[in-house]
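For clarity, chains are labelled A, B and C in written order, and residue numbers in each chain start from 1.
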C-alpha cells in the first residue's frame, strides 16, 4: 500500500544558535520528504544536525527558518500522533514498568483500563511481560529500553522518532532490539525516522537513508535501500549489503 | 623477593573478612553494657559531679517518681502536641511556599542562591520575641517549632522541583503534557527524595524549637518540667526527662525512616543497585 | 544506610543562570517588597509596642550601636561561638577519624551514633548551666556538645564514602593503611566533613544563644535579646535579632568560601592519588 503524499515534509529547515556574537549553524537548509509507512534513517557523524532535525520534526524544537509539515499540516508543537524514543530509556523510577508504558495514556487523559491489555501485549511481545509490576531500577538497561519501546507504541502513533535509542546497549542487545523494532514497526504500520551514526545499522533497518554531514549540518543525499522485508541478520553478510554500506561510507567522506 | 603468585594470594586473603568469627554487631551489643558499667563506676566513685550526672540507680529510682507524678501525662501530651502541630504547620507552609516559588524556573533560579544563605540563621534567637508575643501558652511553642522547621522544608521543596532530568521533561513535552501535568507527574515525584530530607531535618529542628521555647518560658510541657526539676536540684529526675526526649527522638527517627521507605521507596532501592540505575 | 547518617540535602548547585539580570531584579524587588510590608504592616495594628516597624527597628539598631555597651555582648557571643566551634570540630574530626576509618569499628558504633543523634542535645543546656553557672564556661560547653556530634558523624560517613572498587585499587597498589587513608579516604571525606563543619557553626551559634537566653545575666547577644524583650522594648529586641542574623549569615558565608577552596583542593588531590 503506497501513498504518494509524504507524511512529513521538511523544506529549507535551518537551525542556528546564537550565543553573544558567536553563531553556530546546527542545520542548514534541509529538504526531506518522509513517506508514509517507510523506515528512514538519518545517518551522519556528530554535529551533522541529525538529532536537531529529528527534534524539529517532533515539534520539540522550533526551526530558525524553513517549514515542517506533518500530515499536510504545519508543525506547531508536539503531537499525540508522534512518539519519541531517546538514548536513555527515561523511565520514572516511582512507577512500575507497566505504569511507565501507560504514561502516554495517562497524559492524554484516556482510560488506563482500556489500554492495560494492550500494554501487557506489547510487554510480552518484547519479552518482559513478567516484569510488568517491577520497577525500572530492578531492570537492566536493555530491558528498560524495551519498556520504552512499548511506551512509544502504546498510543499507536503515526510517526516514530528514534534518537539512537539503542546506542547505549551492547552489540548483541542492540541487534535484537533493532529486529524487535522492525517487527513492531511493520506490525503497526507506523512511519519511523531513526537517527544513527552506525552505517550498518542504517542500511539494515531502513528503506531509505538520508546521509548528512557536519559543519554546517546539512543533508548530502538520500540512498535507496531496496532489500525485501522482513530482513534477517544474514543480509548484512551479502555483497549487495556491503556495496550499499560502501556507498554510504563514501558519501560520508570516509576512507 | 615474593613472586606474583604469592602477592596475589596475599591480596585475596586480605580482602576477605579476616576474623569472621567476631562480627561488628557483637561488639555493638557489648558497647551498651560497657557504657553502663562506666557510668556506674564513674558516678558511684564521685569522679563526676552528681549535679551533672547522677548514678544509674538514682535515675532508675526517679523514673516512677517522675512518670507517676501528678499531671505528667499532661506535660507529655503538651510537648508532643507542640512538636507535632509546629512541625505540621511549618512543613505545610514551607512546602506550599516552595511549590509556589519553585513552579517557575525564573523565580527558582532567582531566589535559590540568596535564600540559601538564610540556612545559617539560628531561629532560637526568636524565642524571647515569641514569648513576648504569645506568652507562655501552647501557641507560642507551636509557632516557634513551626518557624524552626519551615526553612528546611521550604528550601528543599524549592530546590527539589528543579531536579527532574531534562530528558524526562523532554519526554513529557513530546507527549504534549501541560505544565501542571509535568509538575504533578514528574517534577514533584522527582523532588520527593530531597523534600523528605528536608522533612527529616525539619522534624529535628521543630523538636529543638519546642524544647527551647519551653525552657525560655512555659506553663507546661516536658521542657518546663525539666527546668523545674533542675531548679529544684533533682538531677536524677532531669535525666529521666532527658531519657524521655531520647525516646521521642528515636520514635521520630523511626517514623520518618518508615515513611521514607514507603513514600520515597525508589531512592533507597535505586541507590543500593547503582549498576542498574540508569538516570 | 540509615537516615541519620545520610548526607544532608545539599542546596541545588545552581550555576549562574542565563537570566542573571532578571534574577537580580527579582531578588532585589522581593526584598524591597518585604521591607515595605514590614514598614507598613505594623502600622495597621493599633498596638505597635509588640510589632515594631522597619524604621523602629533601624532606629533601635542605631541606638544600640551608639550606646556602645553592646560590643561587650557581641564579642562575648562571637568568641564563645568560634571557640566552641573550633573545639567541637577538632574533637569531632578526631573522633570521626579514630572511629570511622576502620569499617569494623564504624559498623559497631553506628547504632549508638543514631541514638546519640536522635537526642536533641539542647536538653542538656539547663544541666550545664546548673553545673557551670552562668557565663562563658557553660555557654561554650553546651555549644561544644551540640556541634561535636554532627561533625563526628559526618566525618564517619565521609570516610565510608569510597566504593569497594576504589579500596581495591589502593590495595592493588600495595598501599599501606595510612596511605589509603591519606590518599583515598580523607580527600573523599572532605566534602562531607565540610558539610558537617558548616552545620556545626549554626549549631554552635544556637547553643551559645540558648545558653545566653537561659542565663539572665551572662552577657551576650542572647541575654540582650531576653533583657530587651522582657522589658517589652521590641525595637531594641529586633535590632539585636538583626545583628544575630547578620552575624550568622556572615559566618556561614565565610565557611562557604573556605568550603569551596578546600573541596576543590581535595578533588584535585584525589584525582592525583594514583
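General remarks:
The rule is simple: a contact is a pair of C-beta atoms (placed from the backbone, for glycine too) under 8 Å apart; a residue touches a chain by one contact, two chains touch by 3 or more.
These figures come from a predicted structure and were not determined experimentally.
Taking the mean of each chain's C-alpha atoms, the chain whose centre lies closest to the overall C-alpha mean is B. Ranking every chain by how far its Cα centroid lies from the centroid of chain A, the top place goes to C.
Remark: chain A and chain B have CA centroids separated by 48 Å (rounded to whole angstrom).
Chain C has its Cα centroid 52 Å from the Cα centroid of chain A. Averaging C-alpha coordinates per chain places the centre of chain B 16 Å away from that of chain C. Contact of a single residue of chain C with at least two other chains is seen at no position. The residues of chain A never reach two or more other chains; the list is empty.
Of all the residues in chain A, the ones that touch chain B in their complex are 58-60, 77-80, 82-84, 86, 88-94, 103-104, 106-108, 135-141, 144.
Interface residues of chain C, counted against chain B in their complex, comprise 2-4, 6, 8-9, 11-12, 14, 17, 19, 22-24, 26-27, 30, 50, 103-105, 107-112, 114-115, 117-120, 122-128, 130-131, 168, 171-172, 174, 201-202, 205-206, 209-210, 213-214, 221-222, 225-226, 228-230, 232, 234, 237-238, 240-241, 244-245, 248-249, 251-253. Against chain A, the residues of chain B that register as touching in their complex are 165, 167-168, 170-177, 181, 185-186, 189, 192, 265-267, 269-270, 273, 276-279. In the complex of the two chains, the chain B residues touching chain C come out as 7, 11, 14-15, 24-25, 27-28, 31-32, 49, 51-52, 106-114, 116-122, 124-129, 131-133, 152, 155-156, 159-160, 162-163, 194, 197-198, 200-201, 204, 207-208, 211-212, 215-216, 223, 226-227, 230, 233, 235, 238, 241-242, 245-246, 249-250, 252-253, 256-257, 260.
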